[in-house]
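What follows is chain A paired twice: with chain B in the first complex and chain C in the second.
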Partner chain A sequence: MLTFTLKRLVSGVILLVVVATATFFLAHAAIPDPTLGLLGSAATPEAQQALAAKIGTDRPVIVQFGDWIAGLFRGDLGDSWKNFQPVGAQIALKLPVTLSVVTAAVLLSAVLGGLLGVLAGLRPGTWIDKLVKAGAVILFALPGFWVALLLVMTFAVQLKWFPAVGYVQPQESVGGWLQSITLPAISLALGAVVMIAEQLRNAIIRADGLDYMRTLRSRGLPQWRIVVHLLRNSAPPSLTILALMFVGLLSGAIIVEQIFALPGIGPLTQASSQNGDIPMLLGITVVTVVFVVIINFLLDILLGWINPKARVK
Partner chain B sequence: MKKALPGVALAAAAAFALTACTSGTDAPSDGDGGTSVHPLSIGNFLDVTSWDPSLADIGFDGPYLSAVYDPLLTIDGDGQPQPGLATDWEVSDDFTTITMNLRTDTEFSNGEAFNAEAAVKSLDYLKAGVRSQEAYQKVESFEAVDEDTIAIHLTQRDDTILYFMGLGRSYMMAPSAIDDGSLATAPVGSGPYTLGASSVPGAEYHFDKVADHWAAEDFPFDPLTISPLSDATAMLNGMEGGQFNLIYGDKTAMDLAPDNDWNVASGLSMWVGLQFSDRLGATEMGKPLGDVRVRQALNYAFNGQELVDTIGQGVGVATNQVFPADTPGYVKSLNDMYPANIEKAKQLLAEAGYADGFDVTMPMAPPFQPWQAIIEQTFGELGIGVTFKETDFMQYMSVAPEYPMFVAVIAMDGNPVATVERQIAKPQWYNPNPGVEAFPEIQAQIDTVFSAEPGDEQIAAIEKLNELVTEQAFFSVWSQSTNTYISTSEFEVTPVIGMMFPTLRQIEVVG
Partner chain C sequence: MTSPLTENIDTRAGRRGSVFVRLLKRPAGAISFGILVLIVLVAVFAPLLAPYDPNFVDLSITRALPSPEHLLGGDTTGRDVLSRLIWGTQITLWGALVAIVTSLVIGVPSGLAAGYFGGATDRIGTWISDAVQSVPGMIILLIVGANTGNDFNLLMVTVGVFMAPGYFRLTRATVLAVRNEAYVDAAKVSGLSHARIMGRHVIRPVVAPIVIQSALTAGMAMGMQAGLQFLGIGGGTTPGWGAAMNEGFRVMRTDPLLLLWPSLALGISIAALAVLGSTLADVVSVTAPLPSRKARRARRAAERAAASGEPLAVTASTGAVAHAAADSAVQIENLRVRYETADGEVEVVHGITLDVAPGEVLGIVGESGSGKSQTVFSVLDLLPKTGSYTADAIWIGGEDVTSLGRRDRARLLGREIGYVPQEPMTNLDPSFTIGHQLIEPLRAVHGMSRADAKARALAMLERVGIADPPRVMRAYPHELSGGMAQRVLIAGAIAAKPSVLVADEPTTALDVTVQAEVLELLRELQQEYRMALVIVTHNFGVVADICDRVVVMRHGSIVEIGEVAQLFSTPEEPYTRELIAASLDGAESRAELDRAFALTGSTAQDADAQEAAAPAATDASTEADRKEVRA
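And then the complex of A and B:
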């Protein structure tokens, strides 16, 4: 297990350095002179020169890279070129918002999707199975942003049960926080719920027809124990999808955060792209890669725990 | 960028009076003679760039900064500088020294006194700031003459400095906060509010009212909240949901206003059209543009009103000028100079030797794509083969001036001298080579503008200059777009050209 963990860590660091390096050079090639975009209408030649000196773009790109990568290994993501504040601190302010919504969406997907998947899988051909299949088709066909707008119009603008926009920090009000992330989380989760349910349903139906299940039934095991065995063998594909979904939802959150005006990573990414704030974009990339590595790592551990055959020797 | 291009957001001026003046506005009061307060929750399009005024943008930062800082000068809806912490000012006869008298009853939120020394420290800091320095290009030095008087010494006459100071470049900061370098995160000004501890950066900023502020009655907003939301739909949802009572609006919000009893305020912001970056025809591809008849043909070719009706959804003003409509410098009769006439355009091209048109490459980025089809169609009718080189939004500003002409959405100024400087005479990112020296009559008129006595004489000179550049088809302007602000019935907003979102001083309680 230790070797497995170390190998995962090393490959994670290599992935981080490769992606960070590629992103650095791609961003600098795409935005050769960021001072115009950063200054906007205040972009006089003198101001451009002063800004270039302040942010260090008057130096060779390779020197800038050396400084940045050295900072990365010290845990310093540099300063934003737009507001000159530390990138790490700004991401740390935004990340909890995105993680709140994405985590809530993943939990919602796992619980609801799992429940529907099990029910449909255990009773194939019944109304609940047909409902899951029909729901999968309909919810997949609905654009996420449209669902989000529909939720806002109904539950925020008309019924006023939830705020239409904005985010409340949990330390300010737990109730307010839950209210502010509910609609965004539902918007993100709807598609995922049916995906998990469909996946789990199919896996259960497949596993239910295998020899070992017949053996278990012939031994007279109670139904709940049979379901536990079924789940242990059917869960891995759904868990893999859930993990991939977590990573996917991080980027999917951009649109939802915009619609609900949540101050998460999404608007920060969008604003940084428009401004040409390369250090901020690099910081967001690094943090995202770190999350991908962590999620995959945790997934491997979880799969190994659920199904010993999946453990890496 | 936000100020210059759409999608990021896509703004009446008056003569620039370099004379001493004073003013003040009355705040609404309740029946007992006390000032009534009104909760104000603003949905702004962008987050504050920086709480440090030297690093802040003018565009959308106005409401944030005007809450915590007092400026030396403010500006009114006509672009006229008005008193702030400077109670009055005087410009020397040679136009190179501006003397300002300061308020003596003000202190910063950390208890430090505001005086001439503090003002000079702030001004020196602003002059060195990467974004604020644009206002102080011709300043030689700032001097504390006495406890409540400062002098601004200029290297040469500058008819725009008071305008830029009033626009948002003269916020005064506590000297110790400048020394600490902490302004970007912990603003310390003498403004009508302080930044509340419960603010969530990037999400919602709460402000605590300063009860004994010298102009407290001008700021009857309490509580005051400003939330940045870069999505028009989200802002409208927040307005409909009752979370906001003032937002940066769009056409949809304007259409919903009558049914909701909302006030709508619109102000001109940007001109839209073709910028000729090679009007001298110095490059091989730009050669045709060196002929005034070709530039005039491109003015006749486009129907500005049609573009306002279709692409602008009826919002905007069709004009062929870079001076904001109905402000000093703008000449209404010039709008008749190039009525849409494709046949006339063809005739002019033929006279210039381009009866079969010519080929041109133009840059294109997503925010400008709404105009791509109409350019292709119009150029096609004229025989002009246009190839669009796709680029991204960020690169557009860098590469656009390298082409002979490009689709431009350029921020306008409420001050006509600033318009002369930034649109015609001085190099800017969108006009790196103004080339006015090749147009002796225009160059002479620019000199006349910069040497004329401020007031009617200067305005007349500017109008004459506008006539000349329009005759010479310096641009192919199609229209001027607007910024719109939607507020609940108790608030009224006065838009200011040059600001994408006005300061708190331009928000009034009317209900």
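And then the complex of A and C:
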């Protein structure tokens, strides 16, 4: 278990460094003179020079990189070029919003997708099975922001069931918080729900044909216990997909947050990219990749718990 | 070696045309294809179709409702909505095309190389693919988009990069599956270069999945593109759908139609692509699941029956009963088992009648595919989902259970009837400990307390000859040997002290030395518990050892039924004589038995014999294959 954890840790760090490096140079290539965007209309040659000296972009890119990556290993993401405040603190301020929405979307996908998948898998060919199949075809392809617009139009503007925009902090009002993340989470999750459901359905049908399921039934176990056995043996592919989707959900959240005016990572990313605030953009990338690494690590542990054979290896 | 190559090419080339026809024959395929053709036409002929210049401002139509002059009205700055949508089609399609081409160019060659060469190439490629998949693409797109003058093509190339792992994984998996096919080996042997082999032979099976994936990728690329434009990136002055959605979103409370039109255009395009891809997948059945194991098993049984020239349905019932129904432990009257297959229903057991008295041991003997196991599964009511049976009556413990409901019927399991399967290694749930699997039914079915159930489970393991029961209780199935696993399964079957024990080839998968021990154990337990034992076997040695009476089955019918001693000394049917002779020749395994038949040219001259003649491996996949031929 210790070597397993260490291995995952090392490979996670390597991934992080590679992605961070690639993003660093990509950002510097895409934004050759960040002072232009940072100063906007106030850009004069003198002001640009002063700013460049202040944020250190008058140095060679490779030196800037050395500084930045060294800071990264110390856990320091640097200061924003726009407001000169620490990047880490600013991201930490916005992250809970995005994480609330994405976590809610993941939970929704797991619970609803799992339920639909089990129902469809136990009774292939029934209406619920066909619903899952049709849903998986169409809903998976439709982008989250498209669904978000549809939901806003229907439930917030027409029916007025939910607030159209805005975010309520959970410490203010838990009910208000749930209400403010419900539509965003549904928009993000819908595609994932049907995807998980279809995966699980296929896995359950496969598992249901296995010898040990017949033997378990021959012992007279009630149906729900049979389902527990089925679920544990068919969950891995769906869990893998769910972990994979976490990245996609983060991407989707950036647009969906705009639609619902949620003060999360999305608006921060967009503003930073327009300003050319490279440290902020790099910080956001690093933080999201860290989350991806953590999710994948948790997934491995979960899969190991589910499948004892994988645990031994 | 050349003929398979040409054959392969011919059939595929011939099928390609018909795939398209079959696609159009399906309503979903025809409609989605029609919509896409329409979209492409609109894009190509946008300059002719659009009634106005998409960027021409006519302040008088600002936020105008649909009218005969402006079919979809005007937008917030007074431009014709319809014209902008039509021009937007062109941009949307072009963007999707750029993304797909980028994805294909990156993903397919690298996937081919990774799958074909394996080793380090594969590991590096897979690592990069995983790395790309762990980066939220939208952040990178924002970085690229906001600062490169909104270069639309560059953005779509970036989208393509983030979609490349999809192609990589798909290509790699498909190539891995065909890499060791005979025609690829043949090409290697004949000295073709790697490039030629990949280009000519390996890429062929990849084409269909790629086309299907491209439909999905195109839809997702359109979504990404619209999403970027919605954020105000990559739009410029071009009249994209995403930009129109953003505009509509901002005025959705006052002019909801402005949001509706572009959303509809995007939604319909993406849905059409998704439906087309999925229908295409169904038609070429690339992603459609293979026919289930049972369906294939049943189909083989059907082919076997057809090949042997026997009619599928025999009207008369075969077999006989020796006891009154009320006195028997199990009595089956005119049992028929059918399977649904792609080619219709196939009957694999053609009306058989047999019985077993309490405390009696009945053997059911026959070669692979004779319907022995199907008979047993019918008694248990545990046929696979595609299978079903009919019977005039099935008496268990003096009660006709065919009239019982599903629930009541299932109630017999684990109480009246115990079941010992053939292959111990695949009949224990790999995810749970042995202890859990023994204790769970005792608690759930028999309502024992945890402590009682555990004590009973330990006692049962002790009884079946497990050396260290507490250790085995904590073990997982993969930590046991085949013989131990089979003892565990026997312990599970008899833990509830059933009145009937059904054993389906309980020793076949075991080592020869263990076979005798397990058989001895079954005999002891049968006598100790005074159970009726129905034992399915291909081996007359087992029959001679343990059975009181024996049923000989062949092609789903009963050939002969009688007392063991009498059947051995004076078999009435030539088929029985052959079976006995083959068994006594020292044929230990079913493989050898079937081979013996194949050699004497008597009966099993189908593929089964060859398949079963493969070394009797304990390897799970081989085992699954072998079981598949058993019907």
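Everything below uses one rule, namely that the second predicted complex is superposed on the first by the 308 of 313 C-alpha atoms of A that agree within 3 Å, B and C clash if a C-alpha of one lies under 4 Å from a C-alpha of the other, contacts with A are read in each partner's own complex, and residues count from 1 in each chain.
One rule holds for everything that comes next: a residue touches a chain if its C-beta (ideal position, glycine included) is under 8 Å from a C-beta of that chain, and two chains touch if they have at least 3 such contacts.
Note that the structure is a prediction, hence the values are computed from the model and not measured.
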Chain C versus chain B on the shared chain A, clash or fit after superposition: clash
First, second, both or neither for A:169, with chain B first and chain C second: first
Which superposed partner A:74 touches (first chain B, second chain C, both, neither): neither
Broader residue contact with chain A after superposition on the shared chain, chain B or chain C: C
Contacts of A:50 with chain B and chain C, given as first, second, both or neither: first
First, second, both or neither for A:254, with chain B first and chain C second: second
Touching partner for A:157 - first (chain B), second (chain C), both, neither: both
Touching partner for A:274 - first (chain B), second (chain C), both, neither: both
Which of chain B and chain C A:84 touches, first, second, both or neither: first
Partner chain in contact with A:94 - chain B first, chain C second, else both or neither: first
Chain B versus chain C as contact partner of A:37, first or second or both or neither: both
Stretch of chain B penetrating chain C in the combined three-chain arrangement, among 20-28, 326-334, 344-352 or 362-370: 362-370
Shared contact residues on chain A - chain B and chain C: 30-31, 37, 149, 152-153, 157, 258-259, 270, 273-274, 276
Contact set on chain B toward chain A in their complex: 1-4, 8, 43, 46-47, 49-50, 52, 55, 57-59, 130-131, 133-134, 137, 184-185, 198, 200-204, 227-231, 233-235, 237-238, 240-243, 392-395, 397-398, 411, 427-429
Of all residues in chain A, those that touch chain B in their complex: 30-34, 36-47, 50-51, 54, 82-85, 90, 93-94, 97, 149, 152-153, 156-157, 160, 163-167, 169, 172, 258-263, 267-268, 270-271, 273-276
Of all residues in chain A, those that touch chain C in their complex: 15, 18-19, 23, 26-27, 30-31, 37, 124, 137-138, 140-143, 145-146, 149-150, 152-153, 157, 202, 205, 208-212, 214-222, 225, 229, 232-233, 244, 247-248, 250-252, 254-255, 258-259, 269-270, 273-274, 276, 281, 284-285, 288-289, 292-293, 296, 306-309, 312
Complex contacts: residues of chain C adjacent to chain A: 130-131, 133-140, 142-148, 216, 219-220, 223-224, 226-227, 230-231, 245, 249, 252-253, 256, 259, 263, 266-267, 270-271, 273-275, 277-278, 289, 292-294, 377, 380, 382, 384-385, 410-415, 417-419, 421, 423, 426-432, 437, 440-441, 444-445, 476, 478, 489, 492-493, 496, 627
